[in-house]
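Chain nomenclature is as follows: A, B, C, D and E, assigned in order of appearance, with residue numbering initiated at 1 for each chain independently.
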């Protein structure tokens, strides 16, 4: 084993001698500390390696030849080894970031830097409490001093504030140590731990002072004003050092002290950590300054770590597990936070909006994305697994408040980080960056390190399964070949996905699973063609796209909750990235990810209350034998409803669908929403034993679905933007699906699934056709189009087929879905819901007519006279969808029978439902009805063809006239295109019913956002900038916690 | 007994000096008061049978710290008073 | 019954209803004229119009949808009719009602309207589009009470099958829906006012504002086809209402009698009232008749 | 006991000075008073009634046992707090010196030592 | 006004926090076991009369090493903050004859006294730091008195570096000579005679090194602070 004394001695010798080395040459001293830091890090890894093969090795070393209580002991166990390895590695990276500073500043700065690391290492290693104080002081004083590398007014002031705060907290710590010594008679933590508990108030005071001394060094809200100023003003290399190395070491000290605390004390500090996490993130919400934002975020993350350590220990978990979870959070924060600080230094932009400079630099943008995404706890980064486990544990221990706090804080974090990412990816900027290698190097190492650590941590979770790797692999592989031409990538993606789907995905699935696999994966594969329309490489689509599709498959294929959630989060992330590709999609993507994350966190909470699933046995199969309580069912249900865009939580939907690229919108609408359907179905299967169609819950769900359908349709009527119209239309259609599912009957579910399949076809079809239109006309406003039927007949036919199918007019398949919905609703006696569904589908005619009329019919715009038909790549999927629609229209049984079989696995087919050839006969006690899709098709064709023949006979030689020739009405307008009736087409409808669609939901969410922002602003007012006030905060905070502790 | 009286006297001196250090307008007097506190503290240490500490406090606390303050104040002429 | 036979009888019944529908149309014009103090056209004027229009030789077209619009329209009319059983108990006059229930019929009504709207749209005349937008808007509104009354019927009879609904009303006029479920019938009759688009709901073909409405650009045999459809469609709707609410008919005479009076109801109202604005008519349909419909549904759902 | 209370009072006075004095130098003086108070408290905690300094010389009563080991019989004060205070004093000096040099530097940059004049970083 | 109120609350509150401790505090009448074993061990195993020194240099030598490091840090920090250009000249009043002579006579004595203090650290009160401060005060006198005296920066830096280096080496010697748990163990040199100046293993050497180290650090701090850095 490595003697940790050597480690410290090495640091000291180097620090002492660095001044002499510097006299030789500046670079020698710099490279010396690089070597020292790397060696130290290597020692950590070596020790780790030794311990892995020899776990029983004694890891404690004493000084001065005496054993522990007399002398000072150092412990170099696994955790210490990990920390030593990581901290020194980051020390090295930080040092290489500061290379230029060191060249200017000289030996003293280099020595100071090294001593920061010495303090951190000592703090990690020592098991003596007073020795901790000494190392804490070394760490702090070295940090104070190194702040001065940037000698401007702000950093000097921040330094003074920091020193005063640090001075106060270390004084409290010291007093605490000595008071405690009075009771325990020892300074060694291990000896101390073996003492029997002491129960006098004085001892509690001593513990409290000790704890609070360390705790304040961890910068808890609200006693952290000094730290924020420091992060904002210090050189970014130093800020990074403070937020990673410094904080990590102190945090470990806190961890070492934790077993000494009384439960009451630990509870209070844990609560304070949670408060810090939530409020840190809350205040970060309105930050415009990048480094200060990172400061708040750092506060929050430290709070999170304190909270997790405390909470998990309080729950009595084994330390190994606590550490593993904390390590996941810690590592993510370490890599990502220091990386973000370095990135701040590279961009030299303080205002978040100016981060758009990254836009021109995809490498840095990717690195930024990795950091941000990791910090938010998206898979596959370690924090994802850590948060997952924490929430599971909280769920099992019924620690609801903690769970709520954790999730709220995480959500706030998502908001500001994603907003930032949005600025970076979508802002307007032309300026370029100066990128010295010394500053880029640590960034790259950190990003790569984070990725590889994620890989190893992922291996620690065997229940993930091999399938879960595919999406990430796809992302990486397609990321690597992203420079290839788009056509090639498309072919590769289609081939890979099809093979995977056929050989891996479909075989193990039950019928229901296969059905969804076909909808989700099959439907997506068809739409990959549309992406192949781009010229050149069209970078950025395929990694996310393939990840999305693999993740969609994995959702169906999941056998454990973790697999499901993992796939779900990957899907969300991929969809976010795809949406973000849209030209003006910054806000839309933000809304999407915020709502999705909200849903995901609800799902997380829901999953935590759900019993564990058996690995290797699909959830949708297990669901049949399992049962969950109403609360998890509610949480999960809401989560899936958010994804489907149910009324009230649909706010993200129109924005995301309309601002994403057209192909993406198509996938979002036709495929992605079905993932929500799948989830909701799963929840309903899980609770199917407790609820029936007439349960209040299902009635309520039904009403939610109906109102979604109704308001979606009504809002679609008033849109000028074709994609918004389609978006609301999707929402409306998903409402029908929800109603169908809420029936909990065989017929109801069949109708929902039938509609799901149908919706995939017709919405994919319409979106593709409209994508072609947008591509050719360059606008999405319908009133700016007109008369395109002559220019783009194929698109017109697609849209025509699509709207006939949407509206449910016989004979196309849409009628089937309507028939199913109505009969299943009526059969269950849900008459009023039926009426409202009927109203909604009548309203659908309005927007559908508007869509087809204003775009394809009426007068053509003169500036669109050269519009051409769409490229073949957009037509291929249209063709496939049209064929599919025709097939299930003529032969509805090819879809209804498998659906019925699939549903039959969960809810048996009732006796009174018969397939009589092509005739679907319903003979339930409450309802009789029948539908023969095949015959209807023939009759319709008959009654269509006969008049047509007649017309052709009597009116064969018609004279074709120009579009603008409307002379027959005895008028010839001066500018015919101005007579195109398109803008505000349903003004009268708005007069009558517009009051229903006043933007209440928008107002609500705006109000919520506004509320959070003003709360955030109000809270931020406590940071007055006055160092003295900050000291006052520290004291008052201490007193407050003390009063909470309530020592008698 | 005389030790107790000496102790009380020193405590009174140091507390008085401390209060004076807070209330005085001039920083230089506050500094001197703080030196007096350290000095009396070091005698208190001696009475408390801690000669090592006493010595250290006398040299570092009373001596060196004051010198350091004085030098620092030399460089902030004009800004050292409220 | 073989398919060929069925088709044959379907055509016979179609012929009957066309003639009857057109005759009713003619009568309506006459009645309106008399109410307004005019002499009015002869009752057979619709037949003359159709023949005249079909005989015209000059014809222009704005494109394929324009051409197909009337075809869609008449196919919608015929199709709707084809799925309605005409005479109760008659094997010959049951059309293709086996292939679907009342839901199919209700949705098939849209088929023609949608096609017509598309054709009119391609005509490029703003009046067409304006009229279509008004018509569709009003349609969504009057469909609500109508749907409610049908739902009420479903709650009452437990079937969607028109033949079964008629069967349930057999055995004396007191068993007609009119008497067993009067609220639903009132609701349905009000919504029929909208369906027939006479005053006060004549926003689609409002002569003072948008002469002729959707068919603005249509002429010659196109117009003839549309006129024919007006007969068929009116007949189909009347037969549907008769079946649903007035006990159906066992022979053609009763059918004529019942449908005549059903039609006359809307005509009388139309002759007596001025026209609503579109938004007013939407509001109207969504208030009183809808409330009535909801009450009738609630009455039968418990 | 008296010394303990004296130390605590000195600490409180130091805190008081740190919290109400506007001048940074005065705040640092407050900090050093706080430090002195802390040291007094620590020494007071280590005191043993009627004991001598922990230096085993003639003043301390010792006896030699059979193996030649020396048994200290006389009362000495606890040496541990003394040892800790030694370290703490030096650390206090280091912090004070550093604080002062920050103050000096700040005065050269901002030409004021009033802590209220440096509130640019906030919120 | 509110601020004063809050400060008042804070002070009362901090006082209140200590209240339970003060209430139950009573001056002990005997040593706790750890302290007793320190006293015994110091006398028996290290042969050192000054128990505090035993703890500072030996038992808790790591703390002292840290303390030296803190001092080094302060020096580096102060020097770094108050960096000066090499050609900077201090304009000072010329000292009077008496003062100059007195100072140059006194300084060697003071330095000698400092050396005495740290060389006898293991026997009598005092030790490295105290001695170091005394040495530094000697030099301080020179600085204050004499215009022509300049610290030789190279010398100071050199002694800082080398003494620190030697200190760590002395610690490592224990590690090498006595085993893995013996970093900073002075017992690789003979314990010597009781109360002898050359006794107690390497402690006198270590304390002397600490004295030199501390002295040179403090000189450096004083030097840095007295010229105050460059004007910005």
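Following the convention adopted for this analysis, a contact is a pair of C-beta atoms (placed from the backbone, for glycine too) under 8 Å apart; a residue touches a chain by one contact, two chains touch by 3 or more.
Quick caveat, the model's predicted, so the values are computed rather than measured.
Steps from subunit A to subunit C, minimised over paths through touching chains, total 1. Between the contact lists of subunit A and subunit E, the overlap consists of D.
Taking the mean of all protein Cα atoms as the centre, the chain whose own Cα mean lies nearest is A.
If you tally contacting C-beta pairs for each pair of chains, A-C comes out on top.
Centre-to-centre spacing of subunit C and subunit E amounts to 107 Å, using the average Cα coordinate of each chain. Remark: subunit A and subunit B have CA centroids separated by 59 Å (rounded to whole angstrom).
One finds 19 Å separating the Cα centroids of subunit B and subunit E. Centre-to-centre separation between subunit D and subunit E, using Cα means, comes to 15 Å. Touching two or more other chains at once are residues 11, 15-16, 19-20, 22, 47, 53-55, 76, 80, 82, 84, 86-87, 90-91, 93-95, 97-98, 100-105, 108-109 of subunit D. Residue positions of subunit A with contacts to 2 or more other chains are 130, 134, 137, 141, 144-145, 148, 151, 179, 1032, 1035. Shared interface positions of subunit C, defined as residues touching 2 or more other chains, are absent. Every pair of chains in contact is given here: A-C, A-D, A-E, B-D, B-E, D-E. Of all residues in subunit E, those touching subunit D in their complex are 4, 7, 10-11, 14-15, 18, 22, 25-32, 34-35, 38-40, 42-44, 49-52, 54-56, 60, 63-64, 66-67, 70-71, 73-74, 77-78, 81-82, 123-125, 129, 195, 214, 221, 224-225, 228-229, 231-232. For subunit A in complex with subunit C, the residues that touch the partner chain are 787, 789-790, 800, 803-804, 807-810, 815, 818-819, 822-823, 826, 829, 831-832, 834-835, 838-839, 842-843, 845-846, 849-850, 852-853, 857-859, 919, 922, 925-932, 935-936, 939-940, 942-944, 946-948, 950-951, 954-955, 957-961, 963-966, 968-969, 971, 976, 979-982, 985-986, 988-989, 991-993. Those residues of subunit C whose C-beta lies close enough to touch subunit A in the complex are 7, 54, 58-65, 67-68, 70-72, 74-75, 78-79, 82-83, 96, 98-101, 103-104, 107-108, 110-111, 113-114, 117-118, 121-127, 129-130, 132-134, 136-137, 139-141, 143-144, 147-148, 151-152, 154-155, 158-161, 164, 216-217, 219-222, 225, 277-280, 282-283, 286, 293-294, 297-298, 301. Residues of subunit E touching subunit A in their complex: 3, 6-7, 9-10, 13-14, 16-18, 20-21, 23-25, 32-35, 37-38, 41, 58-63, 65-67, 69-70, 72-74, 76-77, 79-81, 83, 157-158, 160-161, 164-165, 168-169, 171-172, 174-175, 178-187, 232. Here subunit D touches subunit B in the complex through residues 2-3, 6, 9-10, 13-14, 16-17, 20-23, 25-26, 28-30, 32-33, 36, 39-40, 43-44, 46-47, 51-55, 76-77, 82, 85-86, 89-90, 92-93, 96-97, 100-101, 103-104, 107-108, 111-114, going by the rule given at the top.
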